[in-house]
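Heads up, the next two complexes both have chain A, just with different partners, chain B and then chain C.
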Partner chain A sequence: MTTTELIVTATAKKRRVGVRRAGRRTAPALYLFPVPALIIYVAFFIIPTLQTFQYSITNWDGYSAAFDYVGLKNFGRALTGDTLFTNALTNNMKFMGVVVVGQTAVALTMAVLLMKNTKTNVFLRALYFFPTILSSVSVGFIWKFVYDPNYGVINSILGSVGVQGPGFLGDATTAIYWLAVTQIWFHAGMMIVIFVAGLQAIPAELYEAAEVDGAGPWKRFTSITWPLIAPAMSIVVAYTTIQSFKAFDVVLSISGNPPSRALDILSTRIYSTFANSQFGYAAAESVLFIIFILVAVFVLRRFLRLIQRGES
Partner chain B sequence: MSAFEKWQPTRRQLFGAAGALGLSAVLASCAGPGTGAGTSTAGSGGGLKPGGKVKGDISFAHWRGEDREAFADLIKKFVEKYPGTSVSQDISTSNDYAAQAFRRLRDGKIGDVAVAGRGDQFEQFTSTGLFIPLDDTGLTEKYQASLITEGAKDGKQYGYPYQIVYNVPIANMDLLSSVGVTEAPADWDSYIDMLDKLKAKGLTPIAFPGADAGNAGQLMNSMVMNIAPSDDMFTKIENGEYKCTDDWFIEMLRKYQQLGAYIQPNAAGTAVEPAQQMFATQKAAILSTGSYHIAAVRALGAKFPIDLVPARTNAKGEGKYEGIYNATFILGINSKSANKPTALAWLEFLSDAKNAGEYGDATAQHTSVAGVEYKNPDLKRIAPWLDRKLVIAPRFQFLDLDMRNAVEASGLAAMTGTSPEKAAEDAQKIVDERIAAKG
Partner chain C sequence: MIGKLSRGVVLTIYALLIAIPLIVVFSGSFKTTSELFANSFGFPPKPSLDNYHEVLTGGNLATAFANSAVITVCSVVLTLFLASLAAYGISRIPGWKGVVLLGVFVVGMSVPTQANMIPQYVQFGQLGLLDSQFGLILINIVMTLPVAVFILGGFMKTLPTGLYEAAEIDGSGAWRTYVSIAMPLSAPSLAATATFLFVMHWNELLYPLMFISSDSKVTLPLALLRFQGEYLTNYPVLFAGVVLASVPIVIAYVFLQRYFVAGMTSGAVKG
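Right after this comes the complex of A and B.
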């Protein structure tokens, strides 16, 4: 059969399918089915989102009937005239950096070790997944007491062997990193599951062939696992990035409200601004927050793609 | 087959419908903030007068989750007194209440009787007509006049500050007695002398919850009361008249710096619960927060006598004030209430000395109601403070919470190694930014 014949046959088939579809009548009532969902989506997602953009150019305090449109003043203030916002942004970038790198590295390492479906591995995967199902407030309180410099478990152990422990959350220079450790502990289990699924999808023949060719474990990891885990890696990095921006309840429960400046990240800063009756300004901070997340995810995914291309 | 059943929407029609929906969403979202139903902008006019039938259901909106049981007991007695009535408690956390109460209350769906925090929230509730004037109800006479000023505005009594707490450090009087101190030091040198003796005894003189901004900030109340040039010092910092870099403020931070030698190690990372634990287990002699933590430390097993030891920065024989008090919440009646007679009856019931005493004993806090006799030993012990020269907690003068946090954080910074000058500059930077943003 020539190419032309193939195209003609395919077109004819398409027409027949089209005729069949046209002949099948869709009951008009079916079009009403998505309406409730659509109304809910519009009312609770689209309208509030659009309103956020509207409020972001106002000086609305959140309760008065009167307000003024202030153009882009709120955005200018956040980016150039608000130390607390830039401090929260800096903290968030540090937090995100440690969480994305740490959580991905921990989860990938654990996933490689726990990839095989033995009973022990399945048990360990469930064990590491356990923190994920805890409420974030519980996690915050658990770690608040783990980090307590006087009664906390870490410093108590260190103290019993004569070592003075760190100040943890009370040390302004390192507090945000200790918070990142909590976040990694909280969510790494979930990422392990995603990585395990990704690793199990890699054909075993590739590893067998590599072994026959004399490749050691590291070579097999860099030449097979790393490039082929890319889809799972993309999901993990994007999810972790968004999650590290959206961390909120765990931060408030571990740091108290309001958080100290060392622990203030964008989500808690926005909350403080709302609570401070600066609704318009908080809306502008929220819009910037969305933009930062989009940029961070885009940059990280591009970066990841470049690394994986380089490796492969 | 009906026309509707025959109707087959084309792709163009579907796009059109979706577009119309989207357009209406845009238009709906463009409705001005605060233009929804139930907006109250004008004052409610005349005040509330007694009268009307006390019957039916009312809602009591507040944030005092820890007082739920105490109020539940009083509600039971209220219902016995007024058959056919019911009072439901609508309790939020204080932060949620601060963020959402006004929007919920102005619809009148909750909070026939509601509470307001002093300062900005009370201002919001009165300026929008949410709280109704109570001058004609005859309730004002039931309260100690000096303790309810925060519930008045423009010569009208809109509410009654109910629970009275002392936002000053509390002390284990057994430990203080062991170093020869039987009552609160009246000047800074005596205060430092007391702390030195406690430290020499191997104790942590002050348990300070530096990781909890709200509780850590309470210390500033007594630190500032006798050193600031005026009683409205924080209002003046907020409007730019005073600065954190002024001499008096830096002098106060120097005293904070001195206190740094008497707090537990890693105080900046200590949450409030471990600080209470240190105090309750007698590892620390003083807890820097306030009388509102007495019940919590009793629950942790503290048996020793507790009294107040405000940090007085003045020299011997000087000092305008002896201590601090605060009205935790202000009781008022919602102008949108559909059942004002019952709301007023409930407020009147709470204003009764016997009922206020029961509330005080159950919550281990004083009330502003006059003539109350407390049974709780802690309340009895600190009751004389009600008649001493007190000033209402200055830290709540701040209407801008970011400014307040920045100013209070300067105290912690000075205690934990930052120079007073640098701590003051850091705080003033935030204050300046906020003032500039307000234009």
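Right after this comes the complex of A and C.
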């Protein structure tokens, strides 16, 4: 029994005694503690969230006193008539696809290699985690230079060996994928930490037994690690999906405000609509945005469960 | 043997991928543009602080730094205070009521910022809180309360209730128990949450971008973003800005790394 367990059982006993002795109920004062936070949260978070749905069926411009309810017209316009929105949606899907697959693969690989708590591994995890603490604006600037077609970090290396490097962010067809690489550089470190925690929760005996049975590293990975990493995988995939929809600062800093069409994703699109004083329409875009996130997380989790079951 | 070797190669390559851009930016902030373009990797041939001088005087960065410091400190302290009060109450309210209260806050973690920013902008406008530091502090608190209550509530739930009851039998009220028992025992969780909030608030861009219009009230990320227009391709000046904006967080990371990793991963769902 660990110390905490001892404390817990000891206090549990004490608690029962206490209950009997005083016939205790919850002190009414305890209900006051959440009140300040609750007031602020309901007033400035919950109510505005509900108002977004209300705004989304209006044509309000943000400053006029009068506006009309227009039903679902805003939604129809976003999904069928507005190429800016559909462009942002397409970009966002490509971005999400690359980030979810790429980041999860990179993070899981690194986590497997860094699973043991040796000094080097702890140092490397800290190094890999480092970009996460930087501001997105800083990360955007750093990568703007990395990708600079003429003088940037990558193309100056390629140039020195006589290779003509790609246009990166200037190339409209591939720009969004380069942005995805930046996003992975930025956030993979955190996913590594989550995976390491997941891997360390897998009982070491399983690996020992498999080794005794003559299973090689790949066999051990597919038959032990892969099925048992499912809970961590599910967190990572959900988080990465949400994160890839929420990327905003990094887009503005790498591409400017408003961003180029090739790098415009849903969050920046909504901001631009808002900045153009189309509050009602921007709110409708926000509602669609929420729906897309929910659908994406749901679908990816389903898919994940499917492939994990298939292989185990 | 081959496995070990390839492991080392993979880890080294990834370490370089992380480190090289950072080194280029740091060393670049001491170079001139032509020095940077001639050799982005090397040590600055004639290290100079000109770029730092430029951002601090021309770029309004000193003001932005001070604004960010005030806003971040106030936001972190107040969020921690309100969230720890709520978490304490919730963790001690038994049965479904406590669960529901926690649920109300936790639901907020899955709401993306875009889902409420427009009505918030209108609301803060009506209250006269746009273009104000207080407004930014308030919105920071509002937006991070859910995740802070979630982390702290989860932790306080694990504290043995017997300790509270023993204290209360000795005559201390709920407030005294909060101050003298719940807070000290939650220190590790408070520290992790504080570092997480520090990163979130220090780096916040969206709300300053929406709310702030005067030059005297910009925060660091906003000032940096505005630079981009002014110093379009003057990378060394941008880099100096990046370094200055990152210094406080990097220093904190070096010393409090454990709490960063704990806080940021437990807040990962929010991000």
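Assume the second predicted complex is superposed on the first by the 286 of 312 C-alpha atoms of A that agree within 3 Å, B and C clash if a C-alpha of one lies under 4 Å from a C-alpha of the other, contacts with A are read in each partner's own complex, and residues count from 1 in each chain.
Keep in mind that, in the parts below, contacts are C-beta pairs under 8 Å (C-beta built on N, C-alpha and C of every residue); 3 or more make two chains touch, one makes a residue touch a chain.
None of the values given here were measured: they were computed from a predicted structure.
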First, second, both or neither for A:129, with chain B first and chain C second: second
First, second, both or neither for A:47, with chain B first and chain C second: both
Between chain B and chain C, more extensive residue contact with chain A: C
Which superposed partner A:84 touches (first chain B, second chain C, both, neither): first
Chain B versus chain C as contact partner of A:151, first or second or both or neither: both
Touched partner set for A:256, first chain B, second chain C, both or neither: both
Footprint overlap on chain A, where chain B in one structure and chain C in the other make contact: 26-27, 31, 38, 46-48, 51, 55, 62, 144, 148, 150-151, 256-257, 274, 279
Complex interface listing, chain B residues touching chain A: 4-5, 7-9, 14, 21-22, 25-26, 28-30, 32-35, 39, 41, 95, 98-99, 102-103, 120, 124, 128, 210-214, 264-272, 274, 277-278, 400-402, 405-406, 409, 416, 429-430, 433, 436-437
List of chain C residues in touch with chain A within their complex: 3, 7, 10-11, 14-15, 17-22, 24-25, 28, 36-37, 40-41, 82-83, 85-86, 88-90, 92-94, 101, 104-105, 108, 111-123, 138-139, 141-143, 145-146, 149, 160-163, 165-166, 168-169, 173-175, 178, 199, 202-203, 205-206, 209-210, 220-221, 224-225, 228-229, 235, 238-239, 241-242, 245-246, 249-250, 253, 257, 260-261, 264-265, 268-269, 271
Footprint of chain C on chain A - complex, ascending: 7-8, 10-12, 14-15, 18, 22, 24, 26-27, 29-34, 36-38, 40-41, 44-49, 51-52, 55, 62, 106, 109-110, 113-114, 124-138, 141-146, 148, 150-153, 156, 185, 189-190, 193-194, 197, 217, 235, 238-239, 242-243, 245-246, 248-249, 252-253, 256-257, 266-267, 270-271, 274, 279, 282-283, 286-287, 289-290, 293
Interfacial residue positions of chain A with respect to chain B in the complex: 25-28, 31, 38, 42, 46-48, 50-51, 54-55, 58, 60, 62-67, 77, 81-84, 144, 147-151, 167-172, 175, 255-261, 272-277, 279, 281
